[in-house]
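The structure under discussion is supplied below as structure tokens; questions concerning it will follow.
Chains: A, B, C, D and E, in written order; residue numbering restarts at 1 for each.
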Amino acid sequence: MPGSLIYTGERQVDTLRMEMIRFDAENLEEELLTTQTLETVRKEGMVTWLNVVGLHETDKMRAIGDEFEIHNLALEDILNVNQRPTFDEYDNQFFVATKMFRAVNEVIISEQFSMIVGKGFIVTFQEKEGDIFDGVRSRLRNTKGRIRTRNSDYLAFALLDVIVDHYMAIIEEYGDEINDQEVQLLENTKKEMLKELNLSKKEVNYLRKFARPLRDTIINFNKSDNPLIDKKTRPFLKDLNDHMTHVTETIEVYRETINDNLNTYHTHMTNKLNDVLKLLTIFSVVFIPLTFVAGIYGMNFENMPELHYQYGYYIVWAVMITLALGMIIYFKRKRWL
Amino acid sequence: MPGSLIYTGERQVDTLRMEMIRFDAENLEEELLTTQTLETVRKEGMVTWLNVVGLHETDKMRAIGDEFEIHNLALEDILNVNQRPTFDEYDNQFFVATKMFRAVNEVIISEQFSMIVGKGFIVTFQEKEGDIFDGVRSRLRNTKGRIRTRNSDYLAFALLDVIVDHYMAIIEEYGDEINDQEVQLLENTKKEMLKELNLSKKEVNYLRKFARPLRDTIINFNKSDNPLIDKKTRPFLKDLNDHMTHVTETIEVYRETINDNLNTYHTHMTNKLNDVLKLLTIFSVVFIPLTFVAGIYGMNFENMPELHYQYGYYIVWAVMITLALGMIIYFKRKRWL
Amino acid sequence: MPGSLIYTGERQVDTLRMEMIRFDAENLEEELLTTQTLETVRKEGMVTWLNVVGLHETDKMRAIGDEFEIHNLALEDILNVNQRPTFDEYDNQFFVATKMFRAVNEVIISEQFSMIVGKGFIVTFQEKEGDIFDGVRSRLRNTKGRIRTRNSDYLAFALLDVIVDHYMAIIEEYGDEINDQEVQLLENTKKEMLKELNLSKKEVNYLRKFARPLRDTIINFNKSDNPLIDKKTRPFLKDLNDHMTHVTETIEVYRETINDNLNTYHTHMTNKLNDVLKLLTIFSVVFIPLTFVAGIYGMNFENMPELHYQYGYYIVWAVMITLALGMIIYFKRKRWL
Amino acid sequence: MPGSLIYTGERQVDTLRMEMIRFDAENLEEELLTTQTLETVRKEGMVTWLNVVGLHETDKMRAIGDEFEIHNLALEDILNVNQRPTFDEYDNQFFVATKMFRAVNEVIISEQFSMIVGKGFIVTFQEKEGDIFDGVRSRLRNTKGRIRTRNSDYLAFALLDVIVDHYMAIIEEYGDEINDQEVQLLENTKKEMLKELNLSKKEVNYLRKFARPLRDTIINFNKSDNPLIDKKTRPFLKDLNDHMTHVTETIEVYRETINDNLNTYHTHMTNKLNDVLKLLTIFSVVFIPLTFVAGIYGMNFENMPELHYQYGYYIVWAVMITLALGMIIYFKRKRWL
Amino acid sequence: MPGSLIYTGERQVDTLRMEMIRFDAENLEEELLTTQTLETVRKEGMVTWLNVVGLHETDKMRAIGDEFEIHNLALEDILNVNQRPTFDEYDNQFFVATKMFRAVNEVIISEQFSMIVGKGFIVTFQEKEGDIFDGVRSRLRNTKGRIRTRNSDYLAFALLDVIVDHYMAIIEEYGDEINDQEVQLLENTKKEMLKELNLSKKEVNYLRKFARPLRDTIINFNKSDNPLIDKKTRPFLKDLNDHMTHVTETIEVYRETINDNLNTYHTHMTNKLNDVLKLLTIFSVVFIPLTFVAGIYGMNFENMPELHYQYGYYIVWAVMITLALGMIIYFKRKRWL
């Protein structure tokens, strides 16, 4: 129902935490905010980054929404963990939502990420403890470089850039797997590989499901003429766009490779089966005339002169062996064996 | 024939019913209208929602059309239950038609829904008793929130939002089914599953047939610069558009999954058959040389020394068993068994 | 060669006939024109509809062309029965060509239809006797409704509307056939159905070949800002466009259904064949060890104690029957039977 | 290397020939030019068509280029027989290149065709003797019609129109072939047809390779607002565009038909093979129990009462024949035969 | 991380080398620069081409970046060997990146190529020794033609033109291979060809991966209204665009051919296997009734009159041979053999 704030995910943290970093070119302040201290969050001339971890406490969410004058629809989207990646513009603010991925001990962790960007502040929302932004934080803390002298639009770019980089990292990991599978298939196709191949397909399709709308989101970010976006940030956005295009193209390439692998798998399995069946058929065929010959001399006719030859039995053996060898040679020549 | 009002569906209710809800921020009036009281329907400064249930009484339909100055073409489209989802604009009014779905006791009920939106009023048309708008009605009755303070454009959004939500709910139900099928296929593919898979395909294709034009309809609603649409309603329309995009994307994802499932099914069935055939072929092949040996010693040559050996018969058995075991071991080693 | 008038079809009628209907809101005049009376065809303040049946008399065609100042290129296109559906604009006129279809006694008759629309007149051209416009004619004759008060642009719409309706009618007929086939396939797939399925595919493809350019034609008609097209006709054109979109979408849906049907057919036929082959293979396999046993006791070794047992023969029978039953039970358990 | 003139084709004629036709509404002059007389080629108030046959003499080509002030890039493209169909505009000139086809004695001859169109002149280039423009020439010589009163833009249209007509003629020839193949496939699929089908595919693909960029070329010609193109030529260009669209659509239709034909071929061949295999399998299966029975009574047990029955042998024959007939009837009933 | 310069490739040369060519219409100077002499690189009124070989020395790269005021993002992209082909515009400069290919002794060498183009200078970056620009260099050194009188934009075109030409050369080499494979497949399909076909597919897909974004890059170059691009360079860019379109279209054509080849391969292999299986099946089938007959007369019934006929044995042989010949003739007639 429009207008109601409901968190659609599972509760991932105990209490909602509000981490603030406030900076300008000279100073940097960090603080864990409470609902009480929330109203002190902004300071004239500085840029505030408020990172909210955990989305399940609707009251606090509403308090944050009120403090930053976040549009109700944006608040609802922040709480909806099934929200499609999107870029929306409101008066004096813009909103970005996306799925973000990170690999922890070979396990891919995904969570919903949203951010509200306004003049002089940026509020980010994430579901779980731990994230991929430590690099951005240390650049803020340690350097007095570009990121400290720019406004919230550049920080928004920096965060999205990290997210896109992690998409790239994960798809490249998958890519290594997929290329390994390709090599293995050419060397020795095993029946067990089908599961692996199907798993890779599933994984890549899952990533693609989010990568494609994220790409649209970034394209919209790029095209936006929002006054919040500084002219100096534009080349960075174009660069981000290029990276994301690279991600989606790489995903498509791997999808094709997986399909080729699956085809190779099926072709190999069919060929293997066919080879077995051909071999077995030829084996049967070699015995068929031999058995027939044995049948002939198993007949009980009174007048069968061969039966009385001294060496009849040995001659029959000779005939049979000749027949069998002849057929095998014939099949070899025909390249059926 | 253009210009003639013909209801193309089957009669679903006894009499056409006209349910009116009229509201402003302060007051809310509800009334069942008749043709006589129809002309009192609109009141300056209030928003009127007239919901018409049952479309088969052409006279009453024409009366409604006259009262609200509905364009003849729109009236015809309202009566045409095969009308494609569409968004049309007339002078001072716009028209939306779509199929709407709801699940009642696991059965999906679909019916044609149309609405005419003008300044201060909205007329909706549905074929059957019962609908999915009770949530909207209770928000109107119980709260004095946003929906009561806005005009007909916001109400139109709210109704479409419910319709889109029900598309989502149904496709997600199908999605659960489809994912179940996927799991089942990986565990144990049964012949009977083909029908289920084909049924899911049919269902998803049916939904998709309406979802795609509904998406176009909502895109057109969004793009429209009709003065009836308030600037404050815009973000909600964009949100609605995102939801609908999500619906159509989800449908495409499930279509792909179904096709993958069908492929898995066929692959499994073929593999199963091939395994059976291979096993049976190997079984035959093992017996072929044994039968040949038996045939040899069934021959009636006078001079066959083996036949007179004391243990000839037992030696032959030994040879046969050795042969059979040798072949089985060979096939096992070659991984044909 | 550009500039020469050649009728590219076969002669379908004896003489070219020119049927005129001239009307305004008050009066309606009908007349069969000859080349001599052709110049009286237009009258100030009235709308003239000249319907030309038969295209093979080039002289008369040129006379008509001269009378209505039809551009030479349009005249050539009118005579070309292979002319693709098209919408062209000339000074003060526009030109529409399309294939039109009608069903007579379950046979689909197709013919080329063109029309030249100018201020106050419309000239239509068709190849064969009999058409689908009797509804339009009777609306002209009997009512004094919209069609009598509007200009030639509305009449053009009315004629195209009939043509599009007949596309819809035919595709729906095909649709019934295709759905029947689907049901039949699920119940009992017969070899003979392949021809029917291929025929349906051919028919739908044939219709589609004309429907797609007709859709482009109608889109162009819609987009045209020709002053001949009255603002009041616009909603009708949009409606026509929606219908035609519906036609092409329905065709695509049926194409998919046919392809699914063909797949189902092939799957069923393959399954049937495979079932037969599996059954026959199992049948052979059951006999293989039995025949081997018979072969064993057909050997002529001197020392084969079993041969001398009193009940040896019966024991062998018992062994054989046990073997056969054992195998059948095994196969049943494995669900191979 | 840009800037160098190299003819990339094989030399097709002995000497480059320059055929001039110069005309206005009243006069027509024809002349074979040499490098010396080249500078007299243009005359105020007349339209000059210079047709150059053979492209291998680079010096003469450069002379022509200088005389008509042809841009260097255009000259290079003229000499490049692998030049993609293209429409380029230079100052005061436009350039068209395309592949042109003609059928001579059932053999398709293709060659590169280019033209430079300027105010009052048109220079065409072709590789080989003989072309498809005799119709245009005779219209120039014999009539005083449209083509004589218009400028070079109309002549350019007329030449392209002939080229497009020949595309159409060739694709229709292929179409007849393809439809023949379709009929043949339905009547009696022969193994030898595969080659023919693949050949048709190759031919259609070859034509398509040039038709698609030619279509783009003609679209660009149409869209160009070059002042050289007279308003009166516009409808002819639109018509040309329609023809070319028709060509490309027809090619796509035939491609689909060829693919359908190939599918039909494979289906038929598979069905044929399967029918043979089924028949042979059934044949074997009928003999299996008979051979088993014969094996039974070939056993050498002492106590086998049947062997001593007076009519044992005849009874066994009766049993065998009954068995065989029973199985055949059973298979017939099951529709396996 | 944005802002940091990291070379993502492997070190390909020992030291970074800076080759300068500076020219105007009259003079040409060449020099190997060092970090010290770098600042003398530009001279008023001349065009400087600085070619940088080797990208691993970040300090020198930064020095170059500072000298030419290259945007940091461009510098990062230059160092990123996985950078997608791109065309970016910065203030007073534009940036092009692409993969470039060359064939050395039948081995395809690929490397990252980037260039920064500004007023009066162009800086190119490549990873490895040796390149494909010697033709451009000798045109600069030897002629006083177009390339010497134009600015950096024309030089940029000339370099890209060489790169596109090498794409074309390589795809045509592949094309020859692919066409050879096609011919071979029609003559004699060998099992070993599958690897070759898959390799060709891989190679073409690899090229395509870079060709498609390069095409976008060149399209963007074309569309750019950057003041650096002289009006006289425009036709050359359009020509470049045509070439690149030709490259991508040719790649698509070869992809289709490879797929057709793979299909042909599989069809041939299947046909071959099926022919073998059919032949072997027929062989078995011919022997089945013969073995049955032999079985019949191997039975031990007391009363079997045939056994006592003088010529019984010979008659049976005659019957068997007749049977076998009859079957063979029957199969030949049915065209199964």
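Following the convention adopted for this analysis, contacts are C-beta pairs under 8 Å (C-beta built on N, C-alpha and C of every residue); 3 or more make two chains touch, one makes a residue touch a chain.
Note that the structure is a prediction, hence the values are computed from the model and not measured.
Chains that touch both subunit B and subunit E: A. Each step here moves to a touching chain, and the least such steps from subunit A to subunit D number 2.
It takes 70 degrees of rotation, in steps of 5, to superpose the Cα atoms of subunit A onto those of subunit E. Both copies, subunit B and subunit C, contribute mostly unmatched positions to the interface they share, with under half of the numbers common to the two. With centres set at the average Cα position, the gap from subunit C to subunit D is 27 Å. Subunit C has its Cα centroid 43 Å from the Cα centroid of subunit A. Annotation for subunit D: residues 277, 281, 284, 291, 295, 298-300, 304 touch two or more other chains. Taken pairwise by the contact criterion, the protein chains form one closed cycle in which every chain touches exactly two others. Those residues of subunit E that touch subunit D in the complex are listed here as 135, 139, 145-147, 158, 161, 186, 235-236, 238-239, 242, 245-246, 249, 253, 256, 260, 264, 267, 271, 274, 277-278, 281-282, 284-285, 288-289, 291-292, 295-296, 298-304, 336.
Residues of subunit E that touch subunit A in their complex: 1-3, 71, 73, 77, 82, 84, 86, 88, 90, 194-195, 198, 201, 205, 209, 213, 266, 269, 273, 276-277, 280-281, 283-284, 287, 290-291, 294-295, 297-300, 304, 306-313, 316.
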